[in-house]
Amino acid sequence: MVDVVYFAWLRERIGTGREAVETEARDVAGLVEELKSRSEGHAYALEDLGTVRVALDQELAEFDAPLDGVREVAFFPPMTGG
Amino acid sequence: MTPEAFEPGAVLTRFSAGLSGAGAVVSFSGVVRPDDGLTALEIEHYPAMTEAAIRKHADDAMARFKLLDVLVIHRHGRLYPGDTIMMVAAAAAHRRAAFDAADFLMDYLKSRAPFWKKEISATGEIWVVAKDEDEAALRRW
Amino acid sequence: MTPEAFEPGAVLTRFSAGLSGAGAVVSFSGVVRPDDGLTALEIEHYPAMTEAAIRKHADDAMARFKLLDVLVIHRHGRLYPGDTIMMVAAAAAHRRAAFDAADFLMDYLKSRAPFWKKEISATGEIWVVAKDEDEAALRRW
Amino acid sequence: MVDVVYFAWLRERIGTGREAVETEARDVAGLVEELKSRSEGHAYALEDLGTVRVALDQELAEFDAPLDGVREVAFFPPMTGG
């Protein structure tokens, strides 16, 4: 069980900012494939991973990072602070 | 991180008052511009990550530029043209370090701090797209 | 140019209040450091030249960096550790221009504005010698 | 007749910050030679022109600049503001 959180247009396309997900995925890429089958909104939000960033337990990570022990996975667009 | 408005001059006054031995203080503040009919800016952030991420980079800047003190404030929520979005201040013995630290922290905030801006105008709402140049700027350091 | 003390935060407040359309405001302030037993700093200047020379370079910076506003304050007379010597502030639509303008004006003030500093300590008084690196810095622009 | 002004250690070595000088010199270098003969302090202050800067009517200038029409000549060390 992992908490998945979404921000900005990913949150809007998916329709929620947070969901608890039962997953067997070993890495982020595997989780993304599972999430895309959840709804059209998920598939739309995650269709182009070139515009998606990921953080594992609040640390920026890559899509091939393992999910062992991770409690919160965040997906969001490239950041635009400042 | 704060949803509250702040005034950069007052912040600089407090920051400067706490310094001892500094020779150079640089401040940067970013302000909402009314470009292209913008009526408001909505800033979303990732609360669980923002504070720790900013603190880590502020600590990095302290060590890297041998700062005497550093400050980062970033608003979230709804802002309007003329509102101050964020501010950084850096104090060092010498000028170059203070300038470089403020510049470095801004590059970081632009492309690595978990904030997302949505521009709201009469014609609709649009998420600001990250600029490649912001990513490139970070590679200078 | 002023012999009077000033507080950079209060100056930044007034500078910011007068802006319209700015997206980025950078300030730099230089402070007297108590290095090597320094007890005071005496700053001499060339009154007939200083104001016009600084105004010319501030105008240059306005045009070159497309600034919305710029400010330069430089004290003269006797200063003590912790006193603010000078301050520059630059407001622009974008961040890079505001940073570069403040940096440029500082390089100018360091080596082209008619000020001379004398360091006063328990062991005597000594005129500060210009640094080659300050001259070199100006050639960046 | 030209007003000559001195700053920082040039002023201290010469012992005055301003003097009116009758000169026939055509350029700054010529004026410097005349000034050096005025006193030991003048000679000492102006002995190494590598550490002296000059301004004519409040504009930075070179030592080969002509003095035609100039009303105020300033000599001072390299500037140390900021």
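First chain written, first letter: the chains are A, B, C and D, and each begins at residue 1.
The criterion applied here is as follows: a residue touches a chain if its C-beta (ideal position, glycine included) is under 8 Å from a C-beta of that chain, and two chains touch if they have at least 3 such contacts.
Here the structure is a predicted model, which means the values were calculated and not measured.
The chains touching chain A as well as chain C are B.
Of all chains, the one whose CA centroid is most distant from that of chain D is A.
The mean-CA centres of chain A and chain B are about 26 angstrom from one another, to the nearest whole unit. With each centre defined as the average position of its C-alpha atoms, the distance from chain B to chain D rounds to 48 Å. In this assembly, the C-alpha centroid of chain A lies 72 Å from the C-alpha centroid of chain D. Counting partners per residue, chain A has 82 as the residues that reach two or more other chains. Within chain B, the positions touching two or more other chains are listed as 30, 95, 106. Residues 5, 7-9, 11, 55, 58, 60, 72, 74, 76-82 of chain A are the ones touching chain B in the complex. Taken in their complex, chain B has these residues touching chain C: 7-16, 19-34, 82, 84, 93, 95, 98-99, 102-103, 106. By the touch criterion stated above, chain B contacts chain A in their complex at residues 30, 43-46, 48-49, 52-53, 74, 85-86, 106, 109-118, 127-130, 134-135.
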